Amino acid sequence: MFLYNACLIFFTVIFMEIVEKTAADIKNLRIQGATNIAVKALTAITDQIKSLNPKTIQEALSQLHKMKETLFQSRPTEPTMRTGVKYILYNLQRNLPDPVNISDVISSLASQYITLLKEAKARIQVIGANRIVDGMTIMTHCHSSIVSGIIIKAFQDGKKFDVVCTETRPLYQGHITARELSEKGVKTTLIVDSAMRWAVQQKEVDLILVGADAITSEGVVLNKIGTRLLALAAEEYNVPFYVATPSFKFSPETVIGNLEKIELRDPGEVWDSPPENLRIDNPAFETVARKYIHGIITELGILPPGYLYGAIVEKYPFIFSD
Amino acid sequence: MFLYNACLIFFTVIFMEIVEKTAADIKNLRIQGATNIAVKALTAITDQIKSLNPKTIQEALSQLHKMKETLFQSRPTEPTMRTGVKYILYNLQRNLPDPVNISDVISSLASQYITLLKEAKARIQVIGANRIVDGMTIMTHCHSSIVSGIIIKAFQDGKKFDVVCTETRPLYQGHITARELSEKGVKTTLIVDSAMRWAVQQKEVDLILVGADAITSEGVVLNKIGTRLLALAAEEYNVPFYVATPSFKFSPETVIGNLEKIELRDPGEVWDSPPENLRIDNPAFETVARKYIHGIITELGILPPGYLYGAIVEKYPFIFSD
Amino acid sequence: MFLYNACLIFFTVIFMEIVEKTAADIKNLRIQGATNIAVKALTAITDQIKSLNPKTIQEALSQLHKMKETLFQSRPTEPTMRTGVKYILYNLQRNLPDPVNISDVISSLASQYITLLKEAKARIQVIGANRIVDGMTIMTHCHSSIVSGIIIKAFQDGKKFDVVCTETRPLYQGHITARELSEKGVKTTLIVDSAMRWAVQQKEVDLILVGADAITSEGVVLNKIGTRLLALAAEEYNVPFYVATPSFKFSPETVIGNLEKIELRDPGEVWDSPPENLRIDNPAFETVARKYIHGIITELGILPPGYLYGAIVEKYPFIFSD
Amino acid sequence: MFLYNACLIFFTVIFMEIVEKTAADIKNLRIQGATNIAVKALTAITDQIKSLNPKTIQEALSQLHKMKETLFQSRPTEPTMRTGVKYILYNLQRNLPDPVNISDVISSLASQYITLLKEAKARIQVIGANRIVDGMTIMTHCHSSIVSGIIIKAFQDGKKFDVVCTETRPLYQGHITARELSEKGVKTTLIVDSAMRWAVQQKEVDLILVGADAITSEGVVLNKIGTRLLALAAEEYNVPFYVATPSFKFSPETVIGNLEKIELRDPGEVWDSPPENLRIDNPAFETVARKYIHGIITELGILPPGYLYGAIVEKYPFIFSD
Amino acid sequence: MFLYNACLIFFTVIFMEIVEKTAADIKNLRIQGATNIAVKALTAITDQIKSLNPKTIQEALSQLHKMKETLFQSRPTEPTMRTGVKYILYNLQRNLPDPVNISDVISSLASQYITLLKEAKARIQVIGANRIVDGMTIMTHCHSSIVSGIIIKAFQDGKKFDVVCTETRPLYQGHITARELSEKGVKTTLIVDSAMRWAVQQKEVDLILVGADAITSEGVVLNKIGTRLLALAAEEYNVPFYVATPSFKFSPETVIGNLEKIELRDPGEVWDSPPENLRIDNPAFETVARKYIHGIITELGILPPGYLYGAIVEKYPFIFSD
Amino acid sequence: MFLYNACLIFFTVIFMEIVEKTAADIKNLRIQGATNIAVKALTAITDQIKSLNPKTIQEALSQLHKMKETLFQSRPTEPTMRTGVKYILYNLQRNLPDPVNISDVISSLASQYITLLKEAKARIQVIGANRIVDGMTIMTHCHSSIVSGIIIKAFQDGKKFDVVCTETRPLYQGHITARELSEKGVKTTLIVDSAMRWAVQQKEVDLILVGADAITSEGVVLNKIGTRLLALAAEEYNVPFYVATPSFKFSPETVIGNLEKIELRDPGEVWDSPPENLRIDNPAFETVARKYIHGIITELGILPPGYLYGAIVEKYPFIFSD
């Protein structure tokens, strides 16, 4: 028994590397994008469980909890990935499989979650594209694969519309959006971030679509810095402001009062050779209050922000498991 | 007489070059900054009048009107310079000097106006610095020599405060502000433009100070793109929003219904190698409505935006002359 | 079998006329009022099924689907009727009856739905009347049998209050409301539509009650043109704005992103002999955003607009069936 | 002297009829339109003075004061006419003419005022037309000869734009606007009053232009019922809202705290055969608060509403005379 | 049987005194605080049932209904106590106990409810304390044991923050809060009620926490007079405004349209020797609309106000029982 | 000469006591009320000048400047008194009297200013009373002799209206208002300060009237703590909010950027025996922004707040003198 435990520790130490390496890649932004991060993290778990080859459910759970801790520490906010890890743990505990099948079951649960995610994104594209009608001007900020997906779906459905996107300093993710859409043939205009309000008015924007990094139990959305400014401009001209996101971006910690952390990133992203003594603050995200959000386009339909929590609390119990 | 007129045309053609060259330099941004443009334009007028050496007031006025036309066409909006040219014409017509003194009188009027401008700026620094109190966090956008002057005056008066400035894409004029202030020793933080609202809230901004490119008869202020966004963020947290500007930035054309033009600048400033088919809009300015402006800090004191026109309509009649 | 099918087609062609006639009557406004339309449509279905006398559930479902299509095309928005048709289909499919009873079962389901509707309206009258207290001035717009029902219930309960109603151009449905209420003895004042704000202020309105044509998943209410203007006036004086409607007015298509269509009606309703070249736009409805609505008075109680979808999504599954 | 006075009374009684008849015509709306009313009233004064043929300034002033009283009682609010009467009295008292010229001087003063008014209207057309640019959609309410004049001037200047006007119940003055503009060739759309907000949004209105019946010292504008509703809709979409009016519409009584009266007109205008016991309120005007008004287009230029009083207090002293 | 009934009446008369006395104590504010009132009322019921010693469930239910009526009449609004009484009745009816155990079962149900309440409060303290972060300034109004509990929990968790509280006229409940917190060592500042807005701005308040007396189905919160004023001040500076309360404060009567009554208390509390003829109004509570409330901190987590009803409608059916 | 100067110093030392004593009385609130303070201060100056009996204008001016300094230091904000002192200095310097008349001239100037003040107050009563119409409910805060004067004038003019006043903690100045009005027979209701919003809504307030302690060049009003809260409540129900004040309350220092100081008064006024370690903040005043103020009722008429500075800058040059 002692020997067994020692081996367990030994293997854990060795094989933990797969998950730890993935966590490090997430931390250093070598892996980006909420879905991509979730897929890579679940794949790492699956691979590592295969290597560790746990003999009992208890052993598997203990290993999974360690991996969970490692992955959760990689970024302050990453609900899609976190929910995926919880999905495996939740279902494993509720449907205790035969020990010989453990790694297969975990692998299968990981696949199920990834399928859930992909189906959610496909569904959101259909629902979001329904909202777009001929003649609209749509505005977005930063790059969101969900938002781009909706726009391209509507374009491929034959709808005629214009798009405005911001460059999104400091990392210019708006260039990705601009390139992606103009290459597909979508009529796209790019502006600097500070011209947001000008564009809402002068380009006669009809619809604003942004993604989400996290959503709280109160219906507050966390997204790329500048999103709230865009919401203020939308408010001034009463332009409908929609968030498009799988409901897996819900942050269950907020139910019990933990605020989402706003990451302050490397000042060098903003100015590589600043004057001495100048402080540079480089916040990654900001919050958008419930009152600015007309609706959240999710795989469950278009919801008012104050009901997202209500819509998932019974439907996705794994989100709320420990 | 015929000969004389021919000479006049000849000289005009030759010597007009001084003013035309200056107008071209203004157009191509080789000359920048409202006061600087005014000084250079009035100097050009003075120099050219000396060369042309008009023999009668009529001749001088005719020459001045041509120069005025040339200079006014250099940029859609440049009230400080335009008002300077009008200052000379207005006073010349009202106090017809002895013909032998014409060029001296014009030179003297040019100097008077430049002095007026400099005194105005000095006065605004004193008044603006009075508004700053210990412990404040002040926020600005873009670069304004008036705003920097106020901040540095307050700092030199021994006041303790923090400053937040934006980088101001696409031309990064915020870097000038950041460098100028941090070199003087002012505690300064720089953010990307889209973090404006974040900064207003998170840095607990107490006062916003921006410059102005033009002011309309209704009390609307025209300033660098992004200024209205900052006003929206200020509104959300009820932070006092002040514009600091000599009243010479008043745009008299707006009294009779002509809107200030919003210049669309070269897309290359925003992205030098954009994808094919992508449109880039690069507006230089935007308007800030009266309701967002707590006060305008002018050489005549701190005024509500709806009274700026009232304050100058009798005091500076030359602004309203043709 | 071939013969049978031929007969089936024959009978379908003949008897479809009942439903088709009803659909035409709905389209041409010979049948009006959400409940009335639902009752007539379900009666037509019942009658026609009796005539067609289907021999199998499959046959009945096929016939019902054709009728559904015909009825759904009669108007862009008519959720109460649509939900009734779905109610029959949903329950028929879930509780497959003995084929001999098909038409009885359909008839019974139609009756059940109509009873549900009537009970809902009665319940809303009770709940709505509870909200009315002595001394109030209540304001409404257009004609809604639900709103009139609430007001008359409160009046019959012995409450003392005043009512203000608009004339509701172009079809003067406000005259129906005015006549109905003043004939019952309710103290009623009628105004032109553009005097809405004047009335909210000058008549010291305490409560606004309007009906609904449809409600979206986001909690946006669609109602007679002018309703949003009334909401703006209510907002200015902070007067509670309530919508009274059975929850069957919920529009399930909006969950998946389909906007409710705003019908543009015949210009002749507005001006029968307009000048040449004058365009007349005659929109029938407009939307009222969630933020203007204090509560929705439904048969399930008074709900915040952002929770109506949540309240029915589990309770009335037939609303969400195809 | 007694005889003389008796004659005076006699003549006054007889000839007062001209002014009294005009006052009655104004009261019964046989004379309408602010300028027209002023012209008719001053003409009546001129004619009557000629008949009365006063022998002294005192006599003339006494007669004029009686006429003033008669005319002022004809309507609660009619600043353009009232100011005209004051103009004559003010100038007569300040430049006491030779008694033989009295009626000529009065006639000349009446002409001067009418000329002032006409020049003001012409100037407002020029200034207002400057504000209109190609591609705009302009919206108006009711009928205002000033607003129609601006629109037609801009159209004749070759500008391309659309106009939306309301029908303006109960008297359909919007039909006059619609006919006037569409006959000139202006692309015009008419809507019912309650579709105001719908039009502001759906027709993408860029500019709102309305007239004024009176303006208070605080900068509040009194205009046709429905104007404030339009202001609320404009506010929701941040559409600039302008009032076009000669500054002679200023109401000097408001300086000393007297509120403009809101006339309640004949209910029969709204519904000629209403049900028994139904009350009908038919307010003619409503107020628009300063905060909703971007600018007032006057003959003195475009002013912020809070400065109109400031602009005229020194310039037009007769407005403030008794 | 007659004798038995007579005895029943006799005993009811005698022993009803326990509940009646408690009801009187509640009415006269000798018993205060929502939880305390609930505990005392349920204890009174338990004691009285023991004395009455009912022989059948029917008898017990009849007695309980009488007590319920007595207790419900003691105050217009007291949802925590009312829900407790319903809890006993609801569970008794659903799990009919053996008659010999009736009083034990009732006693046990009373204990269960009190435990539910205590656990809810403990849970709210944990969740609320999570929301507090180092460096905050927190503001509250009146005295709420829930709010004080959250603040003390956060303080005991080692967090560093300041608190501002109002004195809360006329009964100075703010003194209780101030004393409680400063005795624990929390840095506390007290202000007069009318300095609320001053404090929100000048003390740079980051978070507002208030309790609740009742919550309606629309998400409107009823709390101590002055709470809505504080919400207005919070709105002006965009300071998050939270209500902390067990969900048992939900008022089920509001679902069916009954407004919560606003109690007008004794004028003598405000001024004991007022001048003759002066009227004094002393309202105890006021409502806070949904739009002002960022979240409601309940034992079920932090919820948007528009979802509180949704969160409890299935979970706590006893709240909605008669 | 030396002797003379020595005497001068001697007399100055002795007689300065009159002004110094008055300044001390102002500081310690033994003299209160803006007009009263001004009267007492000018009387002290007059008396002291009589005693000092200056022989030259220079001497008198030097003495006056010392008195000015003493008086100005008595309170941070007291524009009515300050303007009075300036009035004497300004006129003395511009109309140098014969030295033998100096003290008579100063005495006469003091009287003139006091007369100006009294006439201003009388005029404001007339103008303010004009704004009150039958059936109104008027609300006020704290005690202002100007506001009480307006209300009593309207009452004596026979108007029928109700008044609501707050108690105004901590010094209960609202009791003075309540007593003054109810003794005159005005129907008055008193509330606690935190019931302000409740009263605006429940008492259906039509007009709010408050006084002013100072007004800035931007049109911001400084008044008793709680005034801005009342403005917020007024805003929520769109109730006109008026400030009644002589224009002598204008604070000329604000033109050049000096903020009015907010006095923090003795904590003992709020709670005489507070718990240890409790901080009490007792601010005396707060600012009301321009946007909340419908009009300022001054002796010059009812003005928009953004034009008060414009109205006095030419008319009362002494306000702007040093």
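In order of appearance the chains are A, B, C, D, E and F, and numbering begins at 1 in each one.
The rule we apply is simple: a residue touches a chain if its C-beta (ideal position, glycine included) is under 8 Å from a C-beta of that chain, and two chains touch if they have at least 3 such contacts.
Because the structure is a prediction, the values reported are computed rather than measured.
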item	value
Touch-network distance, chain C to chain F, counted in steps	1
Distance between chain centroids, defined by C-alpha means - chain B, chain F (Å)	40
Rounded Å distance, chain B centre to chain C centre (Cα mean)	59
Computed distance of Cα centres, chain F from chain E, in Å	45
Overlap residues in chain B, where contacts from two or more other chains coincide	236, 291, 304-307, 310
Pairwise touch network: line, ring, star, complete, or other	other
Touching pairs - complete list by chain label	A-B, A-C, A-D, A-E, B-D, B-E, B-F, C-D, C-E, C-F, D-F, E-F
Residues of chain F defined as touching chain E within the complex	141, 166-170, 175, 178-179, 182-183, 185, 187-199, 202-203, 225-226, 228-229, 232-233, 236, 262, 270-271, 274-283, 286
Residues of chain D touching chain F in the complex	216-219, 254-259, 289-291, 304-307, 309-310, 313
In the complex with chain A, residue positions of chain E that touch it	126-131, 133, 291, 294-295, 297, 301-307, 310-311
Interfacial residue positions of chain D with respect to chain A in the complex	201, 204, 236-238
